[in-house]
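The block underneath contains the structure these notes are about, expressed in structure tokens.
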Amino acid sequence: MAANEERTWKARLHEIIFESNTKAGRLFDIALLVAIVASIVIVMADSVATLHLQHGQLFYRLEWAFTILFTIEFILRLISVKSPAHYLASFLGIIDLLSIVPTYLSVFYIGAQSLLVLRALRLLRIFRIFKLSYFIAEMKFLGVAISSSLRKISIFMFFVFTLVIILGSVMYLVERGQNGFSSIPDSIYWAIVTITTVGYGDISPVTPLGKFVASIIMLLGYGIIAVPTGIVTTEMAMAARSKLQKHEACPNCGREGHDDDAVFCKYCSSRL
Amino acid sequence: MAANEERTWKARLHEIIFESNTKAGRLFDIALLVAIVASIVIVMADSVATLHLQHGQLFYRLEWAFTILFTIEFILRLISVKSPAHYLASFLGIIDLLSIVPTYLSVFYIGAQSLLVLRALRLLRIFRIFKLSYFIAEMKFLGVAISSSLRKISIFMFFVFTLVIILGSVMYLVERGQNGFSSIPDSIYWAIVTITTVGYGDISPVTPLGKFVASIIMLLGYGIIAVPTGIVTTEMAMAARSKLQKHEACPNCGREGHDDDAVFCKYCSSRL
Amino acid sequence: MAANEERTWKARLHEIIFESNTKAGRLFDIALLVAIVASIVIVMADSVATLHLQHGQLFYRLEWAFTILFTIEFILRLISVKSPAHYLASFLGIIDLLSIVPTYLSVFYIGAQSLLVLRALRLLRIFRIFKLSYFIAEMKFLGVAISSSLRKISIFMFFVFTLVIILGSVMYLVERGQNGFSSIPDSIYWAIVTITTVGYGDISPVTPLGKFVASIIMLLGYGIIAVPTGIVTTEMAMAARSKLQKHEACPNCGREGHDDDAVFCKYCSSRL
Amino acid sequence: MAANEERTWKARLHEIIFESNTKAGRLFDIALLVAIVASIVIVMADSVATLHLQHGQLFYRLEWAFTILFTIEFILRLISVKSPAHYLASFLGIIDLLSIVPTYLSVFYIGAQSLLVLRALRLLRIFRIFKLSYFIAEMKFLGVAISSSLRKISIFMFFVFTLVIILGSVMYLVERGQNGFSSIPDSIYWAIVTITTVGYGDISPVTPLGKFVASIIMLLGYGIIAVPTGIVTTEMAMAARSKLQKHEACPNCGREGHDDDAVFCKYCSSRL
């Protein structure tokens, strides 16, 4: 009887903390999200010197208050979940843990509380709350397209990586270690800044030859930036097309390519 | 008889102000557009210190002249329209109101007249004037593609938002609050400047580790910038393809959306 | 007889100057191209202060030599062409004229010779020389895709134009005319620099609110830069697809979508 | 017998050095890769002034050690390969040679060892080691798409080239050789920095007219950057689609390249 009661109590807790289809669960999720946003804002505000001088003491207390709150939430999650080990090893479990540890660490290592911004990752819970099926579908779509692009993009990134080493070194030689190109690593940093079209301007070529080589690198970067875009777009187009089409062939004529909402074969009119 | 006359007078006014298929209506629209452009140019010119010193008095008078002109136009619109409330609540109605209010506000709050640049939104009326059917079709096409991209892009933006908070905080820790990375919000600002490839260079990493992390963020930004482009392109390609579909409805069930190569209706199997 | 001889002489001249399928014509074209490149290089070199001091006299003479050369060429073109008026009004004719006029103008207006760089446009003649059919096909392909994108892009540009006026003015108000945002036109310039992701950094927000608004503008620019890319890509994909397909339907089953090299219908096997 | 033994010895060596499907071959490849990375890191570290002062002597010795190691490897490759001339003329052979020559050259020309970063190209061997068939397929896919884009992109680049000459010269005239636009080549460099959206900010327009012209160039660059992306994306989409085509040949005429929905061979009309 007591065991049964405990099970019920745990099940209720699980429902509130992990689900969001009951009113209590939904309320808990929204309260949690507000707390996450508030705690992130405080960590940010505390990093601003003027605000830290004025309200440092307040921020310190609020930080601890949120950490204790999230610690209680974390313990409740551990209690209510079926397999605590499984939860601890999950992506969300690790994030939940990472979002409370820094405050405790800050007792021993000053400055560790800056890691609290990892709490920002908890914001991703928002998708769990607004569990609208459509959003989930869109996310899956983006996920499929991006993950199937990853291998192509990683090959591409390796080429870019090799390229910026060469280009950076060439510029180091051309500018003879002057004008910010003071070492090969610095010149590689410049090559990355240039080829990604970020262009801070903290390092920029000064000699005529340097400007000439830089111009070629920039025009090269023009073509290069097109490649990842091309990869992602192609994968998305493929994902979009396959989503729109039935994956079954016509039982009569055997042809494929029917729309998702087709009832009859568009080629031979037999029922699909 | 008088009521009838009034109705006719109102109808004429409506025709001139709201329509552009009569000669008078077209003339009114072009005159209005010229007045809008002129008033925007004056607000801009007045913000330039040297021009303000020389012609400030003239600009002030012209500003009031245009405001009174637009106020009269606004009142005429309110009179001639069937449902003034409906017009006031519409997008164009709000813009029309916003483009006159700042001048009156400037009597009480100095500087409010800078808001007059909201008049720029009135420039969008240009599409109403050049009511060429083709332009409308193109705009609809762009509108459909962009609005159906919005949900995907907003999910993507949320991820980018979370990412820049994390990345900004990491750089704040790496550069130890020095070299412009003086607070987490400032570092997040830097992360946004970097990942969007804008790269002002007002804040840029100085330490070797900072440059290394920044390089990784930039290469990451390479792949990330491909995503919104991929989304928009895919939606446009889909919109373009649906334009390619048969524009004829099924003669039996009347439904549309058949592929170009369809022979039989995919809904009811009758021959197209 | 004399008239006939003149016609022949003119025809030969036309062949050499305008055609490139004879050996003499090809040689003329290559010599012309070399002269164009040389004259552009001289104009550029003359603009460099140190080179101008050293070789200014030489550059001056060479400039006149090339101008006289191109003037003779221009007169020969006028003589040998059937309709001189038609040639003068053509794109290439205007460029040919523009590439000699500045030197003569420089006698009256010092500095006019800088316009000589318009000669660079004559470089486009290169495509006439390397009249390889494949290149022409590729250029036509690019031309079709770009010209059919132009209307969509011009609508898009108009929206961007309105947007940067609004955004620039907002930043002018936010930064209160300080930190480089000294007037609305300057702020609009900043908005364009930001939204196109160029990001010089000559003007950048300093106040916290300014940085916040700028961050939103940059993320907005993220989505906006995707639009022209999406437009051009879609048009190119459509042009590429239509190039690959026969535009005729099968005479037996009436279906379309056959490849360019298809001999038999892929649906019903009858000869196309 | 001796000759046979030599052949076997050579064949074994070839297997270890050139193949990676035996355990020894794989180990050799990994050891080589580690050596390449280590030698590149040393060249980079040596270019950093502070590290050079501290460990310059050590770096110098390690550089020579790696060069001797790679020289031995190079000689072994020459011995074990069937046709040494063929290997020397191959892409990988040239890179292997270029990665040892600079150290020897540095005896005569100080500074030549900076060219050692060309060793970075040897990193491309990584693809030979992780000879996973999938990676190869992806690389081929990228290779096909990019190489078939090259001709279109080179035409495009030629137009951009002409454009930046014109635009740079216009800005030189507009800014009257001031504010960094000190010569036409410098102004062309600025035009490239701007149109590729890199935007260092080392040169930026100062006069109102200059800012106006620059704004137009930036908005122009908006459309221009879309073109290479469009080209690459279209080619990738075509390559992806051709991968979707039936991979079976016609049983009658043996030709391939049939659409996914083809029932009859488009060349000879026999049933597929």
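Labels A, B, C and D are assigned to the chains in the order they are written; within every chain, residues are numbered from 1.
Operating definition for what follows: a contact is a pair of C-beta atoms (placed from the backbone, for glycine too) under 8 Å apart; a residue touches a chain by one contact, two chains touch by 3 or more.
To keep track of the chains, here are their UniProt names: A, B, C, D = Ion transporter.
Everything quoted here is computed from the prediction, not taken from an experiment.
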item	value
Chain of greatest Cα-centre distance to subunit B (Ion transporter)	D
For subunit A (Ion transporter) placed onto subunit B (Ion transporter), the superposition rotation in degrees, Cα atoms, nearest 5	90
Fraction-based call for subunit C (Ion transporter) against subunit A (Ion transporter), same above half, different below	same
Distance from subunit D (Ion transporter) to subunit A (Ion transporter) - Cα centre to Cα centre, in angstrom	29
Rounded Å distance between subunit A (Ion transporter) and subunit C (Ion transporter), as computed from the means of their C-alpha atoms	41
Contacts with 2+ other chains: residues of subunit B (Ion transporter)	161, 185, 188, 197-201, 225, 229, 231, 233, 237, 261, 263
Residue ranges of subunit A (Ion transporter) in contact with subunit B (Ion transporter) within the complex	40, 43-44, 47-49, 111, 114-115, 117-118, 120-121, 123-124, 126-127, 134-135, 138-139, 141-142, 145-146, 153, 157, 160-161, 185-186, 188-189, 192-193, 196-202, 225, 228-229, 231-233, 235-237, 240, 257-259, 261-271
Subunit D (Ion transporter)-facing residues of subunit B (Ion transporter), complex	197-201, 229, 233
Sites on subunit C (Ion transporter) touched by subunit B (Ion transporter) in the complex	151-152, 155-156, 158, 161-162, 165-166, 169, 172-173, 177, 182-185, 188, 194, 197-201, 204, 208, 211-212, 214-215, 218-219, 221-223, 225-227, 229-231, 233-234, 237-238, 255-257
